[in-house]
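Here come two complexes built around subunit A, the first alongside subunit B, the second alongside subunit C.
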Partner chain A sequence: MIFKNIHYLILALIFIIILMGILSLATGHLAISPSELVETALGEGSRRNELLLFEFRLPRLFIAILAGAALGVAGTLLQGITQNELADPGILGINAGAGLSVVLYLTYVSNRETTSPLGQMMTLPFAAFLGGLLAACCIYIVAWKNGVTPIRLILVGIGVNAGFGAVLTLFQLRMNQSAFNQVTVWLSGSIWNAHWSAVISLLPWVFILIPLSLYKSRTLNLLQLGDEMATGLGINTERERIKLVAIAVALTGASVSVAGGISFLGLGAPHIARKLVGNKHQRLVPTAACIGALILLISDMIARNLFAPSELPVGLIVAFLGAPYFIYLLITTEA
Partner chain B sequence: MKHLWTTSVMLSASFMLAACGNSQVEAPEEETTEIPEEAAEGPKTLIDGLGNEVEIPSNPEKVLGSYLEDYLVSLDVTPVAQWSVSDGESIQDYLQEDLSGVPLIPHDLPYESVLEYEPDLMIIRDAVEQDMYEQYAQIAPTYVLKSSPTEWRETLTEVGEVLGMEGKAESVLETYDAKAQEKAEELSAVADSESAAAVWMVNNSLFVVHPERSSGAVMYGDLGLEIPEVVSNLSSDADWAAISLEELAQMDVDHLFFVNSDGPEAELFEDRLWQNIPAVQQDQVYQYGPETSWLYYGPIASEQVLDNVVDSITK
Partner chain C sequence: MEQIRKRQLNKKATKQRILKRFQSRSAATYFVISLAILLVTMILSVSYGAAQINWTVIRESLMHFDVQNTQHLILYDLRFPRVLAAALIGAFLAISGVIMQGLTRNPLASPSIMGVSSGAGFMMALALAFFPHTSQFGLILWAFTGAGIGASMVFSVGLFSKRGLTPVKLALAGAAVSALLQSASTMLAMYFNVTRDISFWYAGNIAGIPASSVRLALIIAVIGFVSAGLLSRSLTLMSLGDEVAKGLGQRTGLVRVCGILIVLLLTGTAVSISGTIGFIGLIIPHITKKMIGMDYRWLIPFSAVIGAWLLVTADIAARMVNPPYETPVGALTALIGVPFFLFLARREGGGLI
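And now, the complex of A and B:
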């Protein structure tokens, strides 16, 4: 634990997020100078800069921040519930379950003729939530035997991931080539097609579920003591665990429905947060949210600029940064 | 799945309409000087391939139609930017006489690249691009073509309609048809009811052109060459269908047009099977490089293929 006063840390992190956010808005294939940025923000910029800023870059920025925060918190919850530092919605297959469900929902259930566009966007996170929940149930049924060892959880997660991936491939093979490519890019995590509507669909989930997670901090802390102790302290462990998993899956689902399957963020953000503020969830949850937002924001900036004007899927950048860390954890975690 | 992007695109549109209601989504009013001829009526509204109402400016000056440059050039319209892959590693070489100096735009049309050229009209076709429709529509009125990419005549007519150049498009077609007929007669004098095939080699794989598409349509449809049995038996929906060297060796064909993307050193030429193909032995293989128009669609591509075929066979 480095920081005693969490308030200063959170303020500092938010300050960095804003700073990087401004940097992110100004960079890209078409550069915007600081003075143009101010002019445009005040509504006096050129039409080109207005489009660039308000319609292309700003929604992306918000999605990166919201989805990053959601994944950071989802990872924190999962790691807290399973008492397993290797838990991550991507690695466990919750992303894959949510992704499969979104693809099926868009292909078979909802279409433009029967659902209004905004209605569809708003219902997407629910579809993702159900798919993620299915994946979580699979993991729970297969892996849980009075708790679960880290390696067992990861192995089952890999299995669930592969299973959902296979089903998804089955559907993908029936798509035409361009839809196939889109699904592939989207599943590897992409916010290149960001819209304000996506921001709106994400907002309620993030703003309800993250405070709720914070509210559940005490329960999470008690769960760390083991089931017996927690029960002794008046916690209905089984029921609480299910509630918390549902929150984590909902956060993941919301983020998957707009940003695709971004892996390793839910793993890395809580780890960094834990190094900064220690194990108390009251401190961990907000810190992980900020760290998650910051990582995704920076990754998106890299994804946009590395090969500008072409873009990389942001999930690739996160994975590129996160995978080595995951391997390091695997090596250092005892079986 | 296509819904995923299109709908998110659609709904953001509705949201943006609500959010910024005024200027942005509307087509910019063109106040340039009236150019007489065909653009007399002022802005018009067309329904495009996605069912959107697109307000076409009356006299678009900065047109962007990536991979539709053939049609634009044939109508004497120079686009603001031209299609390219990997930073210009691949461009449409056969059009460079008209397009030299036109800046390149990546084939996947990133928004910021499009914005860079600030077009006042965009014409697009690809499915991937359709998904980004609403973003483009904010930059400029964007028309998604209805016609099939394999029908260059329909495409030309539609592009002409969008640009308010119906007459010009028709005359391009008439000129082409007249030339095709003339060339066909020229050809039948020396090669009556002879067969031909176009084979494309890329990365040591061979492909043969679909008899009704691209340069296939020109050879068989416009010039009246016979379709070899092997070609008509290939049941593939691709413009270029994969064919093995063995199948090619069995092809009974009088004239073989060979589009070589691998260069003169390709392994294929060392192969005994290749050396034993009748057309190869009788020196009736005509080689063309990837810079020629054999792989493309459009009035200019087709006209160049007409010339290539007749020049090769009659020389």
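And now, the complex of A and C:
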């Protein structure tokens, strides 16, 4: 634990997020200078800059922040529930389940002619949530053998992940070339649909579920003590665990529906947060949210600029940075 | 008395006794039956397709090849290479799996889980992106190197952690290394605009393999099978544990290095020809060990035959699922393999980390 007073830390993190956000708005294939940025923000900029800023970069920035925060909290919850530092929605296969369900929903249920774009965006997180829930149930049922051990949960998760991936491939190859490419990009995690409607669809999930997780942080703290102790302290462990998993899956689903399958973010953010503020979830949840947002924001900036004008899926950048960290954790963790 | 016993049980005699003990009397029967089934399935695979070709034509084309005959041409240009490729790759992956599980004594060891396949895939992506005109043999070399890189990355996780590479740690490290290498290869592929090639190839695919690759695979098959056969006695003894094997005069280090080289050669070739076809190397050894026991002299050929049979069958299925389109066979083997992996995970995930 480095920071005793969490308020200053959160303020500092928000300040950094704003700073990086401004940087992210200014950089890109078409650069906008700081003075132009201010002018445009005040409504006096050129038509081009206005379009670039308000229709492309700003919604994208918000999505990165919201999805990053959601994944950071989802990872914190999953790690708290499974009491395993290696848990992550991507590794556990929840991303894959949500992704499969979103792809199926987009190809078979909703088509753009009949549904309004906003209506489609608003229903997408629900589809993702259902798919994620299905994956979570699969994992839980298969891993159940007189209770669930954290390690079996993860091992089963890897298998379920591969299974959903295979099913997805089968569907994917029936698509035409452009849809195929779109799905490939999106599955590796990409802020593909940077419209305000996506931001709006994400907002309620993030602003209801993150405070809810914060509210549940006392329960999470008690779960850390082990099931028996937690039961002794008046907690219905199984029921609480299911509730928390549902929250984590919902957060993951919401972020998958707009930002695709981003792995390793839900792994890294809680870890860094834990290093900074220690193990108490009241402090951990907000810190992890800020750090998740910051990581995704920076990764998205890299993804847009590394091979500009073509763009990389941000999930690849996160995985490229996150996988070595996971390996490092694997080497150092003992239990 | 002591002396007599000592003379009776010198190292060589012990070794022979142990090998004899492992010998399964039914192994030969199993092997012959499975070989027959493999042949029948291969003939089925050859005759099934958009143009149905019956047995007499197949036999005729083998006896007197006629350049004018369309059916003969279909057979020689498409069907024979394809079925041979399926059989060879299935055998390669199965043998790799058997050797890996034997050397590591780890039930989850297999090419796709240990990062070997994704390493080979990564180097292939690199080769396709930067040297699009690499020859088939060149690609095999790239894949071979990549297989080595992937495997050594996963192994070094075990090397650096205190308690070594437990089954669970192996699976996790493999998943992480695969994620890392796959994200790198997807980045390359997207930048150089070869996404669909690479992603189809990631899914594993044995349609349209040129006859030249099959010829190359045949040569490698001979090298791989012979060396695996030479190593099989040592592998049987290694399966008793390092100390016992050492006590019986095995040079365990040497056996390990040879085994790993064979695995890299076979997996690298398989990946460079067909892409990453997962789970065959994981499933087959478990099944064959259950059937004929631990004698690697039978286990290796038997696994090769069963692996070949599985992939030939999966390939027939891949053509039947959604005709006239091909389904990537890797997706099908994953659908068979995942439940199996889950079963193993349930069994192994108890307290093993």
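Quick note on the criterion: the second predicted complex is superposed on the first by the 322 of 335 C-alpha atoms of A that agree within 3 Å, B and C clash if a C-alpha of one lies under 4 Å from a C-alpha of the other, contacts with A are read in each partner's own complex, and residues count from 1 in each chain.
Assume a contact is a pair of C-beta atoms (placed from the backbone, for glycine too) under 8 Å apart; a residue touches a chain by one contact, two chains touch by 3 or more.
Because the structure is predicted, anything quoted here is derived from the model rather than measured.
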Query = In the superposed arrangement, does A:106 touch subunit B (first), subunit C (second), both or neither?
reply = first
Request  = Scan A:162 for contacts with subunit B and subunit C and give back first, second, both or neither.
outcome  = second
Message = According to the stated criteria, A:37 is in contact with first (subunit B), second (subunit C), both, or neither; which is it?
response = neither
Request  = Return first, second, both or neither, reflecting whether A:310 touches subunit B, subunit C, both chains, or no partner chain.
outcome  = both
Task = Considering only touches as defined above, state whether A:302 meets subunit B (first), subunit C (second), both or neither.
result = neither
Ask   = Is A:319 contacted by the first partner subunit B, the second partner subunit C, both or neither?
value = second
Task = Check whether A:86 is in contact with subunit B, with subunit C, with both or with neither, and answer first, second, both or neither.
result = second
Inquiry  = Just to be sure I read the superposition right, which of the two partners does A:195 touch: subunit B = first, subunit C = second, or both, or neither?
reply    = first
Inquiry  = With both complexes overlaid on chain A, does A:142 touch subunit B (first), subunit C (second), both or neither?
reply    = second
Inquiry  = By the touch definition above, which subunit A residues appear in both interfaces, subunit B in one complex and subunit C in the other?
reply    = 180-181, 310
Message = So in the complex, the part of subunit C that touches subunit A is made up of which residues?
response = 157, 160-163, 168-169, 171-173, 175-177, 179-180, 182-184, 186-187, 190-191, 195-196, 199-200, 203, 278, 321-322, 325, 327-328, 330-332, 334-335, 337-339, 341-342, 345-346, 348-353
Ask   = For subunit A, which residues are in contact with subunit B within the complex?
value = 28-30, 47-48, 50-52, 54-56, 102-103, 106-107, 110-112, 116-118, 120-121, 172, 175-176, 178-183, 186, 193, 195-198, 200, 308-311
Request  = Note which residues of subunit A are touching subunit C in the complex, please.
outcome  = 86, 91, 142-143, 145, 149, 151-152, 154-156, 158-163, 165-167, 169-170, 173-174, 177, 180-181, 184-185, 188, 263-264, 307, 310, 312-313, 315-316, 319-320, 323-324, 326-327, 330-332, 334-335
Key: subunit B to subunit A touching residues, read off their complex   = 1-16, 19-20, 23-24, 106, 108, 110-113, 115-116, 118, 126-128, 131-132, 134-135, 138-139
